[in-house]
């Protein structure tokens, strides 16, 4: 991890020499085993840049905030699609962005890592040993098998080396996803339930949604200037808005079903929505359901079409006759 | 190339020479034929005209065997070929039948096997490859390629254009034969009707022979045991019935390919014909 | 007031009796998270809970609350208000930081003009506090003068003093009244219980890694209102409402009507100052159009305005926002940074 | 499917419960089809309430969810048969959108009978009536939709 | 909230006999916004309309709801009433109590339910009415010029009709001459008129018409704009002959040293590299086929240039583009023949020279054709004695050809049969057919006559044609006798079906009109709008819409011309105000809406946006061209942010309708 971190710092320094105005990467977080988005605006700020298996954030959407600046961004394999999607939908001007790819050996589940490491040990170095991450701490060395410590999304990952980047750092990472894992396994389990059981499954989850909108704010496919769910209508027409602000089961379900539908065919599968949810709603189960259906029904969407719902084939499966 | 080989019943009996020529030519061309283990009758004629289920189940078993062996399969006999192709279609398109057959045979068919006619298999190695093996060009052989009706029909199931098949023509052209354009390439030979509707069948045979001869053919190449039998063994009866005087040898196409590749005529079973092919063989220097 | 001892098995019996006679809200574990839920089985309750994902403020200030409904019949308009009727609710298992948050909310809702809805719920609730048994990396309650073992704000307060025993402190007459009914379950206070509690306090405080000084902050902050720091820290902010919704002291709400035809209702629901439409005017003008302005507002509210307005700190150091912020915006760092700027 | 006596749900007032269906019909085919059912005096259950839209592609899935939230027991969307759209291609988009949406609704626990999409041409008054009948039968069997109803 | 008036109609006993209209009106009076509510026997009648006009005045109504029949019937009627009342006509909404309620729920057993439903329907209409906005049709000026694509008989007729009405016409034909397929025909059935004799004068009339500008050897390459205001780009292909200098003397084409098969005669004859397609071509001036011209293939010749008395030959000529503005477009691109050689192996895949198509037969039997009118076997030049006709080659063949009937083949086959029997004494004619369809005036009589003349009609398909010596053996089935038939023929003529002309798909894409499953252009309504398309201002004439014979083609061409005159003789057009509109502040410019628009009405535009605290920023948003938009609303759902809304069916209105219905 050290090499990549150093490369990042060097590349950032070079780019600032070449007129870069903003570098979006990661820095270490305020608590152990945590990283967070980092924004270097000048040459002197590049030393804080890091890359380690806690850099789970997808930084692509931050690009939208700097419409006029020459910006560089660090992407992992699962983030690269988001840049592509944002460019495709005209949220970004690709020419002013430098996309820097990093090879990813998988991201670690922080809670599990902290439980494994000694309580007051300080992490001094992390090395990727293909099947495991080796942590050097002030209390000794700890080998964390990837199989046991990676995030669930990394275990079904098929794209841990980014594509479409301007600059790729380091060597290509070997695959991290476990072969033979069906990404749709859980979706299929839920689909196999009978409707009341399925409803109960979702109601329990949806009932605890806070509507904090973290899932929306972080989602690179939720790129609307103003989300339909924040459009307020004043006066006597107040009822005629898309969604009530009340946080009730029907409204929560409405929000999540429609959000999933709005990103259908546009979701890049980065899993950020699920990560940021403070009440642990497995939102990717919705996105994956749609992705599976789209794949089954329509196959890949041609590159020149904005999304699967913006096109059709006369021979599309007809389940309505 | 490795491929499963389903000879079918005829090639074990009346059409032994077809089998022999096939194996020799295949070996010569580097095609490794693996006989399907414990294969059974494809159900041609008897089963498919009486019992729809059996008509699918009999060939299905052979397909399952091939699938278990992990091989595609090549079929020299036109009738067997058609039965296997149709069974494959039934099993992959009709879920109910597939289920029933799987139950009966105790195993499912996953539809992985591709079924090729011998024509396709040989053409599959490439016409250039084939031409390169020719040591005895069949220059003097004026041959009419006769496909019969089962090999190319029904459309979508056959191995070539149902109206104007070209595969055998191409193979024999590669062997430098003079391949003739004629009108009865894919007409029916009467098949087993020779037993029940003798005169009708003889007339069909007569038409085929006449058209070939009129086109200038001195021999006919075929790819079906029953066609060969009808055209070869019934020429005398045709002559008697219609007052004609046909004496045109009927070859299995691998016999001719074998000749072109320099194999011994005797090994190719060329001594087993009713109509003596010697003149034709001589003509090509065999 | 009084203090007693209760053994762990008896504590479960006590909960069982609570459940039999009252509506009990207590922390339970759900998908690995602690949440306050109405409980029916004592065994479900986490007795040494740790930090709940949402603070217990929802008991007094629900995320969505119908204020009243209306119906028009002919010329007649009928209104029905939904102030909670007197009912006895026991809110069990509240940690000292959250206990302090009730005081912060009280300052907002129960001072004049009094909020009838909040006050009714508050009055209907008996609070059972519980001392912390562990310290999480994000905890910093001591910065606000809170002790992890003190039950100020609770009616009854429990502290696990080891060996399967809990110290029960009865802090209000209401608490006393409640426990009287179940006297048989308690033992008299034994020697060493208070010492055990102090020892626990010391060990917990030692574990709170970060100590920040806050009490003079509100006076100093005015000078850094325009500091570029706010823009910088807002760069990674998503603008979601996690920090405000998990905050035990955040209390902003919006009031909306939902009606169709001749009937409808007015409800209020939590709002977040991080949301764009929080300050959006009908005209389309937004005085806090930039995320930096909104984030700054939140920190000013927590660290300055609340103290100015209500004379009580707006943050209790529970660490929820630190733990749950998807991009690790850490109020302790902000406090440190602010201190460095002034 | 017929309804057993024991299945009959009653409302608070004691009357037999009747499902409420909101139907979005495209102006050119399905609305005209429903008109034709009227002109032909084809009887069907009075449980359906029709909203006219220019094309089935105007139907936002959010309208469907809205109807359920407001207490509809079933929602029907009907448009021209694929290939016959007055606006040439509108219903092809409808088909994709609503296929995915229906599958999604079912995935989150809605019974398949709650949300129906049908192609009904201007000449298919009978088909429209039958669709309504079928839906009412199905919904009576399921009972009221209370899950996301806010009323 | 606006002041709403509700008018419940009894429609005599149609509604009033089932529903309690006074009760509905009474209930409606209590709906939000309703200030006046009444019922009346027939609201659509004169006094009924007056009731509305008066009530609007008296009660200061701002929105009107009529609860009566289907809006498909009377919406327009009542909009006019509002106009007369001084209200915006779009402040109107209907509740359909008749078709959707009283007529379908007449039984007394469901009375109560029907009554409740009626009230719900009115509540819906009121909820929508409350949210209606005033809409104003736009006015667009009309360019009084018509573009006709295709110069066959359909294009010729339609161009002449439009031009005769005093409007300007641009006629574009991709071949060097106009005339199309008709001019290739020998005689027309059933009257046996000389086809050329009746069509060439029309061709000349086109060339001479002061209002028609003719572009031959030209193609329309691009069409943009909308009804009344199209822009088109025409590519004038290089002819290598300057037609302004050429006097059509013919020296060049008679002396060209090259001979190539002649496409006008379907390869039965030959022409030079510089040529006119046929002697009566219009314009009667040549083009050079550079692909075969010896000067271009071998680098030297130039005979035509040397011989030309006017110096019109210009080997360096380039394609030119002409941009034109037109108000309407008539598409008349015609038909081509089914590619039978690719499909029908049993007829020899085109290998037998004596198997020809009906159109080849036309050229052969034509006195000005390659054989001078002599019917002969292409293989030997000998006169055929036995001729077999095979019908439905490509038509009515679901499996391999087209499902439809090509309509004219039965008749031209009968005509051909007649011509053979007439011209070749002792000849035998056999026709294999599926059904003989003689739908036109005098057609059945003609068919009977040909049978009487000796043509043998055999009902059945041909299974095989093969060469046997010099004969073609035609084997088929006679399904009436249940027998096999074998005929040794000298010539076989195939009645190949009609398919859309080559390039029809490109034309459809270019103009934005749909094709049916067979590639013919889709008319707006098969019965009632057969010459219009779904794209405003674009009309169809002739076989590009579907196979038809000459009289039907000419009728449709005149019909299209009448439509165009109706359109272009107005000064201005009113646009449909029920169109989509983009809220640019909400639009993110993702353009998900653009591909779903069947009318290409949505285009990206760049706007400069000023947001507080940020420098002005240029960004792309979607914009709807209201002239092109037809108001389907597909885009509104494609837009996740709800930035596009459809006027008259807005999100707000529809949500309010849902809410109102669910009460």
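The letters A, B, C, D and E name the chains in turn, as written, and every chain counts its residues from 1.
In this text, a residue touches a chain if its C-beta (ideal position, glycine included) is under 8 Å from a C-beta of that chain, and two chains touch if they have at least 3 such contacts.
Not measured: the values here are computed from a predicted model.
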Partner chains shared by chain A and chain E (touch criterion as defined above): C, D
Third chains touching both chain D and chain B: E
Chain hops separating chain D from chain C, counting only touching neighbours: 2
B-E or D-E - the one linked by more C-beta pairs in contact: D-E
Most remote chain, CA-based centroid, reference being chain A: B
Chain occupying the most central position, where position means C-alpha average: D
Maximum centroid distance from chain C, chain identifier (CA atoms): B
Centroid spacing, where centroids are CA-atom means, of chain A and chain B in whole angstrom: 60
Centre-of-Cα separation between chain C and chain B, whole angstrom: 86
Geometric centre distance via CA averages, chain E-chain C, whole Å: 71
Computed distance of Cα centres, chain C from chain A, in Å: 31
Where chain C touches two or more other chains at once, by residue number: 258, 260
Touching two or more other chains - residue numbers and ranges from chain D: 61, 66, 70, 83, 89, 93, 97, 150
For chain A, residues that touch 2 or more chains besides their own: 226, 228, 239, 242, 244, 248, 309-310
Touch relationships between chains, expressed as pairs: A-C, A-D, A-E, B-E, C-E, D-E
Interface residues, chain A side, partner chain D - complex: 187, 190-191, 195-203, 228, 242-244, 248-251, 253-254, 257-258, 260-261, 264, 286, 289-290, 293-294, 297-298, 308-310, 312-314, 316-321
List of chain C residues in touch with chain A within their complex: 30-33, 35, 53-54, 63-64, 137-138, 232, 235-236, 238-242, 244-246, 254, 256-260, 264, 267, 269-270, 272, 275-277, 280, 282, 322, 324, 326-328, 330, 332-333
Chain E-facing residues of chain A, complex: 67-68, 89-91, 223-228, 231, 233, 236-237, 239-242, 262, 305-307, 309-311
Residues of chain E that touch chain B when the two form their complex: 344-346, 348-349, 351, 399, 464, 466-469, 473
In the complex with chain C, residue positions of chain A that touch it: 29-32, 34-39, 57, 62, 65, 208, 210-214, 216-218, 226, 230, 232, 234, 238-239, 244-248, 275-276, 278-280
